[in-house]
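Would you mind keeping the following structure in view while I ask a few things?
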Amino acid sequence: MHTVARPNGVDLAGPLERMRREAPLVQCLTNAVVTNVTANALLAAGAAPVMADLPGEAAECAAAASAVLVNVGTPHDASRVAMREAVAAARASGTPWVLDPVGVGALTLRTGFARELLADRPAAIRGNASEIRALAGEAAAGRGVDATCDVDSALPAARRLARETGAVVAVSGPQDLVVARERELRIPGGSAWLTRLTGGGCSLGALVAALVACAADAGPTAGVAAAHALYAEASERAAGRADGPGSFAVAFLDALAEVAPADLAARPIEVAA
Amino acid sequence: MHTVARPNGVDLAGPLERMRREAPLVQCLTNAVVTNVTANALLAAGAAPVMADLPGEAAECAAAASAVLVNVGTPHDASRVAMREAVAAARASGTPWVLDPVGVGALTLRTGFARELLADRPAAIRGNASEIRALAGEAAAGRGVDATCDVDSALPAARRLARETGAVVAVSGPQDLVVARERELRIPGGSAWLTRLTGGGCSLGALVAALVACAADAGPTAGVAAAHALYAEASERAAGRADGPGSFAVAFLDALAEVAPADLAARPIEVAA
Amino acid sequence: MHTVARPNGVDLAGPLERMRREAPLVQCLTNAVVTNVTANALLAAGAAPVMADLPGEAAECAAAASAVLVNVGTPHDASRVAMREAVAAARASGTPWVLDPVGVGALTLRTGFARELLADRPAAIRGNASEIRALAGEAAAGRGVDATCDVDSALPAARRLARETGAVVAVSGPQDLVVARERELRIPGGSAWLTRLTGGGCSLGALVAALVACAADAGPTAGVAAAHALYAEASERAAGRADGPGSFAVAFLDALAEVAPADLAARPIEVAA
């Protein structure tokens, strides 16, 4: 390993370096709107997506995968069955799995379902502030899929989820927040164009899964932080090349492939132990 | 409001201006092929998509949305249940909903289903000529998803649908036709590249929903016309920057974000009272 | 017909020329991840996609289509029912259908399902080496969706499938292999960027279906070979214009529209009778 740990102890480069070397298999059980862009983001960044999301295949796939993403954006009956199967198989085999609580708070069915999944101990949770607050049991504030409240407003909720589930909890916003039991990080940067692109948050959840799988040495917090730093770096580069949301999406995939481990090591993050 | 109503009384700029200001929540129950591009078109143009399309969530979402799109392109069992729930909730709350009868006429199951939905009084209907003719009960002429008959051939069918359902009926083609009970419009322009892109028509249906929701002052006919004018303007700009269907798709999303209300006010349309 | 048959007897230009002229209707029953990119690849190349994939519509659509694609990448319960309906209708009407055994070998459910479909005599089968080997009954070697074994390792399996089912069998890899009962072809070229794009293989399966439908004179082997040659030519052009996987995807669609029949006629292929 030629990566340099950051002085503050969060190794952002190591997980990316390992992802590029090993191309971890990331099983995605995600919503119907973003399957394609999620798979492309994983492929661009260096992971290998497998989108097996049906009852009868989900557990077999999870047992072979390096990480599992569960995104509840369109939680159809069969999807929920498959997600339960995948999560149980992941837990049984010690495979890390990530929960993305899309739309939780705004819609009742998925809110109950996502909260129920918490018992199976995700390695990480990623959402916007209103989703994280609702997942932690606070009264709903969002109107569905976009973030309508401030990242910092979700800090108590993120801490509670981290304490009660053991997960690393990430709150996406203008400045991302990563909350683990032992420390808290803030990851600045990124581009507002990501909010004009469907699947911007959902693909980040998939990269969180991929990089947590590659963060055995550095720990899951480093994996979660590396995913957010990769997103920030790639979206800033893409913004510099874009004329609008269409060309941003294209440039963003290019940049996900182009960002190197050393680029992440050079990015600023704030750490509070 | 700083928009200028057109001399002929159709305010194309007003609905777009309001969409940019309010980012209306547009619930899309649409076909599996185009969910991603539909959400991206809405985001690019300034609306907020929410794609909740499952039984148990569809009604709750519709009650919170500013408009609902129902596109019958892949009408699976669960989709049809969710669409009925969403349409009923939209009607109950006075939320405008739009019907896109994709493939109606060519396939029997969806033809019956789409015709049944008419009883719930869509605010607007958008399709190609063969779909509109089949929806109005004429013998099928299409072979599925592409337009195989002339826009003007659908004029009697559009008038009948407008009269019987109260909807504003739009027929897409080289020159778009917008038929309401009180007047008829023709909106020229656009680009043939749109026919080489899947979801070209489907995304237009979503924009119709978004702009009808923003046309309270100007009336639903203005909202439908504004969506078609936005599409014509954006596709013409994109065609000028494209080398083929891939680069057209990218440039089209960029252009949807870029077109301003004043650009629509400057476009020609024909009005017959 | 103004195409020139190749000296070695494989007419690559003829099927493409006919596809451009007739825009054959290609029904795709494919996985949820790639519906959009598959439809766009068909539209770009000159075919007309129709994605009707539900029980109750699949057979009616297959009876009207020029070719049918069955891709088992996300074989949900309803998808499997619809695929059986479509395949039976295609066989009854003499419509060629193509099997893409995505993930076969790695996952048990779909492996059994895909093997069962072989009894309905696909006109062509397209997969990577590990999928083709598993479909032919060899022990699984893949980890899901990416090719982990050499194209030549699948030659015996491809020959067995061609002999037992009558299908033309294509194995995708750095050099593609096309195996028919009467002869074997090797089609060099292409771009490694295709492996960084989800749906790269799946869209090729759809083009195989489209070009087999247009190869009545030249025979299905020429249709399968033409699809692979079109892919090789278009991906090489796109690679020359791309900065990464995002811009490659865009340039690839442009190139699919741009490649002419004469371009295929000029490409090298190896033929062993």
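A, B and C are the chain letters, set down in written order, and residue numbers restart from 1 in every chain.
By our rule, a contact is a pair of C-beta atoms (placed from the backbone, for glycine too) under 8 Å apart; a residue touches a chain by one contact, two chains touch by 3 or more.
Please read these numbers as outputs of a predicted model, since none were measured by experiment.
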Notebook entry, point to check: Cα superposition of subunit A onto subunit C: how big is the rotation, rounded to the nearest 5°?
Noted result: 120
Next item on the list: Over half of interface residue numbers shared between subunit B and subunit C means same, under half means different, so which is it?
Entry: different
Next item on the list: List the centre-to-centre spacing of subunit B and subunit C in whole Å, with centres computed as mean CA coordinates.
Entry: 34
Checklist line | Where subunit C touches two or more other chains, by residue | finding: 32, 36, 249-250
Next item on the list: Provide the residue numbers of subunit C that touch subunit B in the complex, in ascending order.
Entry: 25, 32, 35-36, 39-40, 43-44, 48-54, 56-57, 60-61, 64, 78, 249-258
Next item on the list: Can you check the complex and tell me which residues of subunit A touch subunit B?
Entry: 31-34, 36-37, 73-77, 103, 106-110, 143-146, 195-199, 242-247, 249-250
